[in-house]
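The structure under discussion appears below in the form of structure tokens.
Letters A, B, C and D mark the chains as written, and numbering starts fresh at 1 in each.
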Amino acid sequence: MNHTLDYTPILDAIHRDLQPYIGTGRVADYIPELATVRADHFGMAIVTVDGQVYRTGDADVRFSIQSISKLFACTLAFQLLGDALWQRVGREPSGTAFNSLVQLEFEAGKPRNPFINAGALVVTDVLCRRFVQAETALVDFLRRLSGEPGIDYDLRVAQSELANAERNRAMAHFIASFGNLEMPAHAVIDAYCRQCAISMSCVELARAALFLANGGVSPVSGEHVLDASSAKRLSALMLTCGTYDAAGDFVYRVGLPAKSGVGGGVIAVLPGEFAVCVWSPGLDTTGNSLVGSLALEWLTTRTGRSIF
Amino acid sequence: MNHTLDYTPILDAIHRDLQPYIGTGRVADYIPELATVRADHFGMAIVTVDGQVYRTGDADVRFSIQSISKLFACTLAFQLLGDALWQRVGREPSGTAFNSLVQLEFEAGKPRNPFINAGALVVTDVLCRRFVQAETALVDFLRRLSGEPGIDYDLRVAQSELANAERNRAMAHFIASFGNLEMPAHAVIDAYCRQCAISMSCVELARAALFLANGGVSPVSGEHVLDASSAKRLSALMLTCGTYDAAGDFVYRVGLPAKSGVGGGVIAVLPGEFAVCVWSPGLDTTGNSLVGSLALEWLTTRTGRSIF
Amino acid sequence: MNHTLDYTPILDAIHRDLQPYIGTGRVADYIPELATVRADHFGMAIVTVDGQVYRTGDADVRFSIQSISKLFACTLAFQLLGDALWQRVGREPSGTAFNSLVQLEFEAGKPRNPFINAGALVVTDVLCRRFVQAETALVDFLRRLSGEPGIDYDLRVAQSELANAERNRAMAHFIASFGNLEMPAHAVIDAYCRQCAISMSCVELARAALFLANGGVSPVSGEHVLDASSAKRLSALMLTCGTYDAAGDFVYRVGLPAKSGVGGGVIAVLPGEFAVCVWSPGLDTTGNSLVGSLALEWLTTRTGRSIF
Amino acid sequence: MNHTLDYTPILDAIHRDLQPYIGTGRVADYIPELATVRADHFGMAIVTVDGQVYRTGDADVRFSIQSISKLFACTLAFQLLGDALWQRVGREPSGTAFNSLVQLEFEAGKPRNPFINAGALVVTDVLCRRFVQAETALVDFLRRLSGEPGIDYDLRVAQSELANAERNRAMAHFIASFGNLEMPAHAVIDAYCRQCAISMSCVELARAALFLANGGVSPVSGEHVLDASSAKRLSALMLTCGTYDAAGDFVYRVGLPAKSGVGGGVIAVLPGEFAVCVWSPGLDTTGNSLVGSLALEWLTTRTGRSIF
């Protein structure tokens, strides 16, 4: 393939053509702090495995990464446990909403995958057991992967999350009731809320995810994050489970492994080529960034580049 | 990428290493005719987009393609309706068993995707409305795609299907009760059972699926089956929904878009390179060929070639 | 207790006080024939175990008994099988809609109780196996119990039912797929639709149900329908399961075992005293007669007579 | 009816005939303290509305009343809120297990009835809001109703409950996430666990429940607990919802409104006549006392006295 393609005019054209859509969708309001973000932000960045950075719009503005943190938390947990992780959390699309407890009841406390809330709580439990402060371990990991030592979680967002965490608390206690939590539910919830509150920009996130497009090695830090096979497998998992219960539709339209967050960010990777991150706060009814999904669909359609 | 790789030694090595597993798994017995097939068959064939054929074992023995027919029926229906098809059937993993009625009740008769039974019935309804004999249209399509005019459905298998179709009948009437069936339920069931009873070999199936790896054009017949973008999208759909409710696990292990059948066949494609078909009748608990899944996992692991 | 109470003024007062409500609710329209009935009918009849008949309004107008037929069909099936009936159908409130297939899937084709559609289909299957024409056996039974040889099913309603039976067909085939149907699904559906189409008046239905209030013996025909203990148990079943998924609310408000139909009829019994039938076609959101439920609530509240 | 029946020989005969069954069933072990109770206890007591007490076996031995407390807590909450209580909790049989979270998710945090765990948590929330110590208010209520000032909760059982309350905690936070809890989840859980740990004997419980058989007035304390109509309605609710998801079967067999607990106790009432309590720790698969249910079935069958 051709690594020397200049994405600048493509990103600019997408940005321009998206103007009628920017600001549409519904900004997440389940916690007050998120609801304060303006709907008309749009940023997009591509970072190639050989280090080129292409950007448009608010690509350097930090936003709340929310569920995108689940990808990196899962990577850390997989580093710790390897395939033993899958004894505690599955690898299947959930088929139900990201915060459903129904599946947990039918499947005895084993969450369907690590990218729904229930699965992420188990992942966080793994991190809490290993690290004194799971959220700090994750922040350090993201600082290294992105090369940006200033990355941190937003305390006000974290506190807002903690003040509105009844459903996640229910989930944590429910998982615990099946014996699938090793640390106290309140400790897991605390770390989980802080992880979700991490702030990063499109460029930083694309850099951080680049190891997935590069055989498991971070081109930024040189760190061997995962072996090549595991990196592929994590991408596969992201593909089938990364965009809540809209994964089928997302793959159909975009054709890239991706992980979204209710803050409006989406990261995706094209193996061997690049990682891309787009941010636009307005969500569609499935909880994914409306304009972000469109931007990625246009990117793969216009360049003819996807994994298929 | 390298199209000139010789897959012969790879297939032979996989075949040899699979010996301890061949014969394991459980042959489908939901209809008597299928249960008569010996468990220890194994065949595998790769056909590249430039026409090379690699094979091992029973690669030329015909078997009952069963749900693999759903892929080709869906292709025909998509040719007829285009994206309007998605108003009648979804594009999401089901998250439940391939023959569940629960999802239909919760989602008002719109099946989750065209590769579960409910969705395939809607697809067959589309074909029944257009063709006097839907099963004949599908057989003709497969003859053209594979270049084998002898392909047909097995009447005894079809009759066995029809005699054991209570659950599919329930599904068809249920869909009809929501107004999502245009033809009489019995006519749809009749065509559906005949489609499932089509017999083909690994080589024939790999040839037939090759258009998906070749931008929508069949290298065998030269037929423009789908435009390039639609071919990619159908592959995407196959990836997230093609292996029942084990799609997440299958993608994680194999990393290729695939469609399986309870006859023990599995086809998969690597875009731009090849289509592969494997057959081994013993199934795992998810209804996919146990040895077939293993063979595909080893193929992508040993060659390092998957879509990720 | 006092059997000599004169219910005439009580019924008249209830009828008068109900005037503002008569005509409210929604007439069933799932089949065209039912939708033609005027909403402002109201009839009510009490028949005591010692033969007194009290009536008001349209108490002698025949209407479509619909699901009230389930009570009498269940009685016949219980005569045939006794407690062995409960191996094929349960005795628990369904907790879901009267025509749900979800419970059937989770509980392997054993309906929750004989008063939801699924359970009634199994009951009808029992009758179909024993009688050449199950619907004729039921009509004969109702003629004897009410002393009215003119009772019959309405052919136009039956045909309308048959033309709109997709959901019931789905249910019958689904039950058959679990091996819980002995006769062909189409035969069971045919008999079931004819049973539902039986026409009777409030006075006739109250007479027919009187055996339940009289220790199992029909005061009309003298027939020993059930032994005393079985009559009590059938009343108990009617109490917990007779009014679809509103049984809890109905028992709370009315305090009598009852069975309702979407034709707007409701029958209820006070053991040792009387059977009562009320008819008013407008339904509430749970499918029970809105005015009928109110009439029965007022009857038990004003007389202070219920089973509690 | 005849209030002067001497129940002594009946209770003795039942006790004698139950000998082969006593000790069967499975003692609840979900908390360690309950599991220490010997399985071969059996006690039974009838208290009539005119003050006669009949007893057999361990009728004066105190045991953990567990979910029987839900009946009295619900009575107190109904005294406080009246019918407004039903805006926060339903009156329908659940159709699912007593500790299921599925129904809560489908019905937006409104529990089906006050006798499943979820509903009892809402009831306890009502008491927590009104009383500084809800459990003390309930203990006082039971002391008055039974005339036994020594009644209290067992601190060791309460602590054991609290140490094994993950599922109830999950439920409380889940209800809170829908806005249906006014007090903090931990406070509600604390009071709930203490209530369940109250210890009473069969005689004491039968005395305490007697107001339901006596038009709402306690013959013991003279207290007007509820008006006559409300007492009937609470009995009706107990009938349809009082024995977990076996209510239909229980009513069919026993024919009395009843409330059971996993400690092995069951109370039931025959309106106008008596309250009865039976205790035997071995449970059946539905969580009701195996021998206790049998004892009540024999009582109503042998005396011919039930509500039907």
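As a convention for this text, a contact is a pair of C-beta atoms (placed from the backbone, for glycine too) under 8 Å apart; a residue touches a chain by one contact, two chains touch by 3 or more.
For clarity, every value in this text was computed on a predicted model and none was experimentally measured.
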| item | value |
| --- | --- |
| Topological distance between chain B and chain D, in contact steps | 2 |
| Angular offset of chain C relative to chain D [C-alpha, multiple of 5 degrees] | 180 |
| Approximate Å spacing (C-alpha centroids) for the pair chain A, chain B | 32 |
| Rounded Å distance, chain B centre to chain C centre (Cα mean) | 48 |
| CA centroid of chain A to CA centroid of chain C, Å | 55 |
| Multi-partner residues of chain A (each touching 2 or more other chains) | none |
| List of chain D residues in touch with chain C within their complex | 90-96, 103, 112-113, 228-229, 231-233, 235-237, 239-241, 245-249, 251-253, 255, 257, 271, 301, 304, 306-308 |
| Touching residues (chain side chain B, partner chain C) in the complex | 100-102, 104-106, 166-167, 169-174, 176-177, 185 |
